[in-house]
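Note that subunit A is present in both complexes that follow, paired respectively with subunit B and with subunit C.
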Partner chain A sequence: MMPSTLEHKLAKILTKRKKYKAIRYGLYIFIFLLVLGSIQTTIIKDTDWEKIGTFGTVVKALARFFPPDFSLFPHLVKPTIETFMIACLGTFLALVLAIPVSWFAAHNITPYKSITYPIGRAIMTLSRSVHEIVWGLIFVAAVGLGAFPGILAVAMRSIGFISKLTAEAIEDINPGQMEAIRATGANGFQVILYAVIPQILPVFVGNTIFQWDINIRRATIMGLVGAGGLGLTFHRQLVMYNYGGVTTVIIALLLLIAIGEVGSYYIRKAII
Partner chain B sequence: MTASTLSTPRDSVKTWRRFKYPQSLIKYGIMLIILVFIAISIQYLNIHLERVLTMFGRLGNLFANRYYPPDIPYILDSEYLGYVFETVKMAYLGALFGILLAIPLSWFASFNMTPNKRFLYPVARFLLMVCRAVHEMIWTILLVTILGFGMLPGVIALSLFSLGFTGKLFSEEIEAINQGQVEAIQATGANPLKVFVYAVLPQVRVAWTGISIYTWDAAFRAATVVGFFGAGGMGWYLRRTVQQVESNRVAAILISIVGLVIISEVASAWARNKVSTS
Partner chain C sequence: MATLEVKDLRIRYNRSGPEILKGLSFNVEQEDFFAIIGPSGAGKSTLIRCINRLVEPNSGDVILNGRNITKVGRRGLRKARRNMGMIFQEFNLVERMSVMDNVLSGRLGYIGNFRSFLRFYPRADIQRALELLDEVGLSDFVDKRADELSGGQRQRVGIARALIQQPQILLVDEPTSSLDPKIAREVMGMIKQMSEEAGVPVLCNIHDVQLALEFSNKVIGLQDGFKKFEGPTKKVDKATLDEIYAMEIL
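Our next item is the complex of A and B:
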């Protein structure tokens, strides 16, 4: 009796496995066909192949970007510093604004659960879902051209990320410390100051540095919508058809980002 | 002697401080440097602080008077919805190509598993760094100037974006794997490719799937705006309405972008959850 049930079970498992295998391969084939279909409709049919021409014309179009126009370099110093400062100020503003947002959006410490929690969550989602270009457009329309809308746009984009990870860290903290501080008669503010902040500080600082690194990247494109920095120079060189200058701007941008990456690595190492 | 030490307990009842003398100085010094840097930046960037206060009024005005009744019928138009569909397709094609390219590159770019430390490792590292360092919008603009308008530059730009994004995360996953399995496979005399397939891939499969889903999400976010620079999809509508100052339509498009991104985010969170639990 015993072995027969075992065999029975084994056979059941094997048929199940076969079924799953069939489903899996069916799914693979389906996805493959879907991708092929999309390639057909979006890339092959939609592209104006005649305008792109042969491989040679593409190479020719690419060759316009070389050699880089190094005479532009002295003019790139100021926009590069500007870009760097937009990123720094944007990150700083995001950091300041992320504190109340993450306080509101952390389920365990939010002051009025039915009101502030959804507000915090909504700000977080909105901030993350709108691309920095769109934020740039909104702020340029509201406060005019210049570096200021760039700072605001960069800040708005990173609030969501910093506060999301911080709120998650707050939700994971050890409640014992909060209870201990509350037991001393501390009010809500003191509980946050002495029980919550020390526990989440490393996460918060780490995320902020990570965002700073990304924000340098974001700041480089703020100029495309009229908000100062290297993006503006890039745009100008492009509309003047000075492709060598475009390459120079990209080189400057890569240097700036490399500096940011190395800097953030060392700061993170020094803090953590 | 002992009496005197006992009679002076006041020294030990100093108020407790987290940072003792030299560290506290460093802390305040860093804060001061940050504040000075902010002041210099504000000066350098020519920001008028009085404009910060009037900003809220103007933002309110912008939303209430110009954006307010969003032109919802505009985004429900079948032509616009067609472009939304194109955007989705562009995003997943870009993410897919990026991920497929990232598999070999992240293998080459992971310090512990790279088949060739002299040549392949630095080259792969450099390629991934360039892909990540150049913002996706700059890729889009460059590709549009080379290839002309259309979906192709958008897909390539998103592929490069996804490649940079996943490549780094993928190689970090590879660098964190258990070396025991690698050694076991190596001991059978397997070549580097076989080691990668049989020792590395099974270990990173789940994490990579999660990262890939997240990449699709990120690529979709970028895809909503690549059209702004002429690379197809709904971004093109955004550019047209922004330039013609049709603010009500801009508002409607923004609503559609936020809605779609939230849907994609919920879907990706659900899928990632499903992958990590199964």
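Our next item is the complex of A and C:
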């Protein structure tokens, strides 16, 4: 037999749990209805069902993508390398440009707070809020077709991510080390060199590797807007209705992305 | 002439906030080992940081060997700072750098940006760093990273870093508060011995009254931003200490 005080407490706990149960079920039902509602408005109403046709035609349409058109293979080598290089050079450019941006956007080391801090933050936000395809379109318009606008687009997109995380790391550094270096009579550059960079280097390198991996994915679609690489081949095969060729390009993309995934894992392991 | 003259030093951190140092004046002679004691929050760390302007005093003068530090510009301030070695409670070594590079960083005020970027220090600096590390018993730790050292070892690197500056004064803020009593006494002994050898005076904040009385020849008692006491260590008795620490008893 339980003592009465405990029994009282137990009763209280049980009613409380019952109440939570009701709330939880209510929530599940709400989410379920929300999903149903979304499906109703976006898929059921918006899709041209006449065109989709029967299950059979869907399968038939998909079957056009097989078998892959391997005759395309020799033509894929150059664009694959180009995509890879767009990602590498774009990441490198972003890494270099992210250094001044992080310097400006970290409130504890920014040189002229009222001017440089807002500039740094603005570049960061701009870079992150504009999609790489849009950057691609902008740079294709500015410098013409090819890999170069792709590199610029990938870099623009990456600067924001690298510098945001780096600036946050800078704001979190141990100020004592900065104070000690400053106390030796070091100038601002030397303080950054000796007290800031060693503290944030692991974060900076880690983020850059992560961005490189993502940039390989970003580079693959650059071709869709004429900014070089595999995306362009993909687009061409699609407009030529060569679906087998599309499949081949997709295989090449997957291989490239896998290289990025595995490569970044090993680089990270080697450096950090 | 005194090595360091401090005249009517005043500071408040915020314009509307309280005054933390309320007109401090004192002189440090070349052979002095000053212990600055006083209750927590009295302004000891603030005082030390005002002297090399890690925090800017609102008014007053700090004169090091005839040079008024409060009046110099940025370049002059950097020159003045390299004449003042500083040792910290939390050691403040660059954790991810080697012991040798940490000691050499004490020479940054003397070398240019290019050399500091490549860590090209003159041979004489490297030799001096090794001698100092040998003196503090760490000549076998040159290539160790600072974050692999114990607290006592880190503070000894801190001492070497301050002394390689060839300073005219040592500013020391609670050098032993992060250390156990035995190591604390060793570190204090090292600071005293090496400063005497180098012929530089020491201005040392210290919580531990016993250590303060043991190593200093002069004492400043701070309380709430005022100088409550200044005099030779041997004149410090129980009544003096009671007065300096009065706030804590209340």
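In this section, the second predicted complex is superposed on the first by the 237 of 272 C-alpha atoms of A that agree within 3 Å, B and C clash if a C-alpha of one lies under 4 Å from a C-alpha of the other, contacts with A are read in each partner's own complex, and residues count from 1 in each chain.
By definition in this document, contacts are C-beta pairs under 8 Å (C-beta built on N, C-alpha and C of every residue); 3 or more make two chains touch, one makes a residue touch a chain.
In this text, all values refer to a predicted model and were calculated from it rather than measured experimentally.
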Counting residues of subunit A touched by each of subunit B and subunit C, the higher count belongs to B
Note to self: I'd like to know which partner A:Leu201 touches here: subunit B for first, subunit C for second, both or neither.
What the structure shows: second
- Task: For A:Leu224, decide between first (touching subunit B), second (touching subunit C), both and neither.
- Result: first
Of the partners subunit B and subunit C, which touch A:Gln190 in the superposed model: first, second, both, neither?
-> second
(message) Quick one: is A:Ala180 in contact with subunit B, with subunit C, with both, or with neither? Answer first, second, both or neither.
(response) second
Item to complete: With the two complexes superposed on chain A, say which partner A:Ile138 touches: subunit B (first), subunit C (second), both, or neither.
Response: first
Where subunit B and subunit C land on the same part of subunit A: residues none
Subunit A contacts subunit B in the complex at 35, 38-39, 41-43, 46-48, 51-52, 58, 61-62, 65, 81-82, 85-86, 88-89, 92, 125-126, 128-131, 133-134, 137-138, 141-144, 146-148, 151-152, 217-218, 220-221, 224, 228, 234, 238, 243, 246, 250, 253-254, 257-258, 261
Residue set of subunit A touching subunit C in the complex reads 174, 176-177, 179-187, 189-190, 193-195, 198-199, 201
Listed in rising order, subunit C residues that touch subunit A in their complex are 52, 54, 78-84, 86, 88, 90, 92-97, 105-110, 113, 116-117, 158, 161, 165, 171
The residues of subunit B that touch subunit A in their complex are 34, 37-38, 41-42, 44-48, 51-52, 55, 58-59, 62, 86, 89-90, 92-93, 96, 129-130, 132-135, 137-138, 141-142, 145-152, 155, 221-222, 224-225, 228-229, 232, 238, 242, 250, 254, 257-258, 261-262, 265
